[in-house]
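Down below are the structures I want you to see.
What follows is a pair of complexes built around chain A, which joins chain B in one and chain C in the other.
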Partner chain A sequence: MVRRLPSMVSAFTVLVFVFLYLPIVVVVINSVNADKFLVSWGGFTTKWYAKALNDERIRTDFITSAKVAVASSLISVAIAVAASLWARNARVWSRRALDATTYMRIVLPEVVLATALFIFIRRLHFQLGVTAIVIGHVVFNSAYATVVIQARLATLPISLEEAATDLGASPRRVFQRVTFPLLAPAILVAVLLTLSFSFDDVVSSLFLGGTNAETLPVLLLGLIRISVTPEVNAIAVGVMLITLITFACAAVVATVRGSIGVRSTPQAPDVEE
Partner chain B sequence: MTEDPAPRASAAGSRRRSPWGRGSSRQLLALPTFGWTLLFFVAPLSILLLYSFGQMNLITFDVHFGWTLDNYRQLNQSLYVHTVVRSVLLSLGATLGCLVIGYPVAYTLSKQQGRIQTLLLIGVMIPFWTSFVVRTYAWVNLLQNGGPVENVLHAFHLSHGSLNVLYSPTAVWIGILYSYLPLMILPLFVSLERIDPGLTHAASDLGASGLRAFRRVTLPLSMPGVIAGCILVGVPATGEYVIPSILGGGKTLMYGNVIADQFFQVGDYPFGAALAMTMMAVVTLFLVVARSGLSRVEDVT
Partner chain C sequence: MSTTAEQSRPPAIALEQLERHYGDLTAVAGIDLAIADGEFFSLIGPSGCGKTTTLRIVAGLETPSSGRVSVRGQDVTDVPAFKRTVNTVFQHYALFPHLNVFENVAFGLKERKVSRSDTRRRVTEMLELVGLTGREKARPKQLSGGQQQRVALARSLVLEPAVLLLDEPLGALDLKLRKQMQMVLKEIQREVGITFVYVTHDQEEAFSMSDRVAIMHKGKIEQIGDPVDTYRRPQTLFVADFVGASNRFEARVVERLGSGSYRADMGTLGTLDVPGVAGLAVGDQAVAVVRPEAIRTAPGFGDAVLDGTVTDVSFMGPQTQYVVDAGGLGTAAMLSPADDDDLLHSGAAQQFRFAARSAWLVAADPGPVDDAQ
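Coming up: the complex of A and B.
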């Protein structure tokens, strides 16, 4: 009994992984399925890819999504790094204030945040569009980034930075030469996380884009609601490939940096080239 | 738990000579996060609250702030009450489902080591990198009558006839369960991974069966992860918009859809604001309950 339970549990785990990947398999299969109602297998085709690639609106929305994702990710991570460094030496109650606001921004249902920002922006006669979407995404993305970076910072001994200070390094130099390299892995994780959250977001983008800006997920939701549109599967596979390649590159960079960074940080730029 | 006190102690000890300069210049680091939160989180939510007590002239679209409770009284209509109840039930159901399915997976992951563990963890995360909208859309394909799920159930003689699940609350429940499962597995994994294996070994050495050791040692120690997972799944799921609009087929609406409709179709902002504020109240209630549960759990452990 004691021995058999874990094997049952791992068999169950395999089933759950099947469950997690089943829809993705369906998306990949349907992206090359010639049956335009996607009811059954209608033979292999690449026409949905061609259709997606030649669609002006899809291309524009992809670029809008990418812009929003990059901008919101960079702003979020910068805010998070500053906040985490501040919190490390802050008083207990101010650290609690940061934790509370971070927590609230993560758990508040997005619909509430999106409606609030929508009314706020309309009330101030500010324009809905790309900037508004970025503002909205930064609200929750900076919270996620703060969690990631604070977690890493908590494991780093402050003694290294103190040693640098004692040796006469200015605060700026300490950050450049000690803190930033130590934080780099967490910053990378935070960038990737916020990029993918932003790129995949529907609700905030829907409310805050107005008629001026449309992101890819908003377009996809619109296409799906109207009728069966097989090209959405091709778009999803394309985006998935781009994401996987980006992440793989990031992983390679992180490993290379990690393996050489341990031994000699100053030489890192030479080796990377 | 074992690694927590050390950084805190060193952080406290270093307050005297921080490498980050002293006084006001270091405080500037807090400006971006609190500024952004104040301007784009607290201020908008305050205006939302103001609006929820206001009134809109449906012809001129002007909003008057009159401190009226009409918007909240309007919530009493059966349509809205039903939607709120349905959202809460679906969210609770999906949270429970995620917990039951996610726990064994997180447990298995926590027992793996090194590279395999990393690969499995990435495996849990990868579905996140495929478009959420399109993944949800794939369930339309899987669940439709004559689709793969129906075929499998027939093959195992688990059901007969048409499945008739698509565009029903069950389909929305499956969709939420599927999408939020990784958010349950990850915090569970973190809390299970932290448990010292020596504790369960000690329990079995003292004569506890595997199941008893799990029930008396592992399960209570993993409660912080259980509660964190329930918050991460339950709260956003209550406000879910995309899944019900794809898998509910316009019939099984959730709270998020009703709020969005007020803004995009009806245009009654004050009533939409009242709906949103009510959702916030429901969610806050849920959080207070969860947090008190969490502090009780942490007191015990």
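Coming up: the complex of A and C.
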């Protein structure tokens, strides 16, 4: 019995992974399957990718997705840096308030946030579209970015900035020469993370895009309602690759920055998903 | 250290009625202080006495609740830290981890827009002074504690400040390195001639380096003076305790003898003529402070005799410390040079002696000494 238990556990584990990843494998395989109806393997082809790339709508949606990702990422990180720096010198209660809103934005279901924002925007007679999607993404992205930046800031002793001040640097110069360079790795990680979160978001983009703007994941959702064409598989793989690559970059930066090291004392654990 | 320069030039640092409160907490409770140009001055006291806060106020990193700060005669109370001509060596060095040694030392010069060639020359000179030539490209993390300390020192000194503030700069080093760095600091201070204001809780360290020391207690300065004077003639019981081990014997003033001496009734020790602080009145309860090294066992030595039993012997190399149970007089400590032929053993009953003029009379503490050390 003692020996059999682990093998059952590992069998179950394998099963879970198969369940999780098999669909993705199927999608990847089918994206290069020459069989139009995807019922059997019809040989290797890249024509679905070519077709997807030549599709005007897909290209427009890709650009929309990219715009939204870049804009929401940069705005989110700027907010996160400002909020984190402010929180350091804030009173305990204000700091707790910031933490509460940060975690609320992460914990609350996205549907709730998106619905609320949708109603709010309509009430204000503000147009749905790219800007609205960006705002929607900033809501959760700024929260993730704040967590990353704050974790980094916690490992930086305030005496570094005091030393810079003491040596004659004005507050602006202290930020330029000390705070920002020391935060840079965390800022990069935050940018990459938020880019990938934004790029594969469906809910907020769907609610807030209206008829004016459509992102790639939203297009995908629309397409699979009709039928799963080989082209859909190609787009899905494309979205997946973009997200994966940014995420991998974030992971690499996070590890490399650990080895560069900022303090001689052991570092606090990095907070990243 | 009164020099002629002191009279003609304004003090490097002058503090007037300086106070700092945090809510109900008082960190600095009214300090008046003038530190002369070129002086090595130490602020010492137990942790929480306000010495670091005082230093940070001088640096401009902390705002005083009231009072004025002047540097070389100029009021800088409202001048922001980055515009002051004082620099700080921080307790944990606070070296910039993303910059190498050269860039760390050049940091302040860059803010002052010193030319490239001048920067190179001054940084090189400074690194030579602190003995770090050849380590320009190293990151702070790659340096030992002592080397980091030297970089921190060079980074501040290269700006030729009016005053260098040092906040427990040797606190993180081990004993041997600390002793070595004390010598280095003192040498450098002599060489560059810059006023040093040194904060430490270690009175021995302060005494060995400073021209003058100020002993702080509960946000106030208890005594300012040169180390010898402070050690021999403490003005309060707190100072007597803080600046080294002391034996205390109860005394009552029976007569003022003039020239700073008193005739005091010291119970079983008899009536002795003891020097002491000014201002004690006949009938005052006082404490006679006797340093452990002033107590001897040689027959016929001194004029005060106490009978006691040795309860503990600690051999410390150059000297030996004895703890003596002196019956009704309490316990006493005695320090003897190690070459003393007849080392006493625990349990030995003996007469212990000291000269009345080596004792020092201070007013008995009005309240309990709650936070000494």
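Everything that follows uses one rule, which is that the second predicted complex is superposed on the first by the 213 of 273 C-alpha atoms of A that agree within 3 Å, B and C clash if a C-alpha of one lies under 4 Å from a C-alpha of the other, contacts with A are read in each partner's own complex, and residues count from 1 in each chain.
Going forward, a residue touches a chain if its C-beta (ideal position, glycine included) is under 8 Å from a C-beta of that chain, and two chains touch if they have at least 3 such contacts.
This is a predicted model, so every value here is computed, not measured.
When both complexes are overlaid on chain A, the residue A:Leu241 reaches neither chain B nor chain C. In the superposed pair of complexes, A:Ala100 makes contact with neither chain B nor chain C. Contacts of A:Leu182 after superposition on the shared chain: chain C is touched, whereas chain B is not.
Legend: residue contacts after superposition of the two complexes on their common chain; A:Ile24 is shown touching chain B, with no touch to chain C. By the touch criterion defined above, A:Pro157 reaches both chain B and chain C. Among chain B and chain C, the chain that touches a larger number of residues in chain A is B.
Contacts of A:Phe207 after superposition: chain B is touched, whereas chain C is not reached. By the touch criterion defined above, A:Val253 lies against neither chain B nor chain C after alignment on the C-alpha atoms of chain A. In the superposition on chain A, A:Ile79 contacts chain B only, with no contact to chain C. Of the two partner chains placed by the overlay, chain B and chain C both lie in contact with A:Thr165.
Residue overlap on chain A between the chain B contacts of one complex and the chain C contacts of the other covers 157, 159, 162, 164-165, 169, 171, 174. Partner chain B is touched in their complex by these residues of chain A: 1-2, 5-6, 9-10, 12-13, 16-17, 19-24, 26-27, 30, 38-39, 78-80, 82-83, 85-90, 94, 97-98, 101, 104-105, 107-113, 115-120, 123, 135-136, 138-139, 142, 146, 154-159, 161-162, 164-165, 169, 171, 174, 196, 200, 202-203, 206-207, 216-217, 220-221, 224-225, 232-233, 235-236, 239-240, 243-244, 247. Per the touch definition, chain B reaches chain A in the complex via residues 3, 7, 10-11, 14-15, 17-21, 26-27, 29-34, 36-37, 40-41, 43-45, 47-48, 51, 101-102, 104-105, 107-109, 111, 123-124, 127-139, 141-142, 144, 146, 148, 178, 181-182, 209-211, 231-232, 235-236, 238-239, 241-242, 245-246, 255-256, 259-260, 263, 269, 272-273, 276-277, 279-280, 283, 287.
Across the interface of their complex, chain A is touched by residues 59-61, 81-83, 87-88, 90-92, 94-98, 107-108, 111-112, 140-141, 155-156, 159 of chain C.
Within the complex formed with chain C, the chain A residues making contact are 157, 159-160, 162-171, 173-174, 177-178, 181-182, 261-264.
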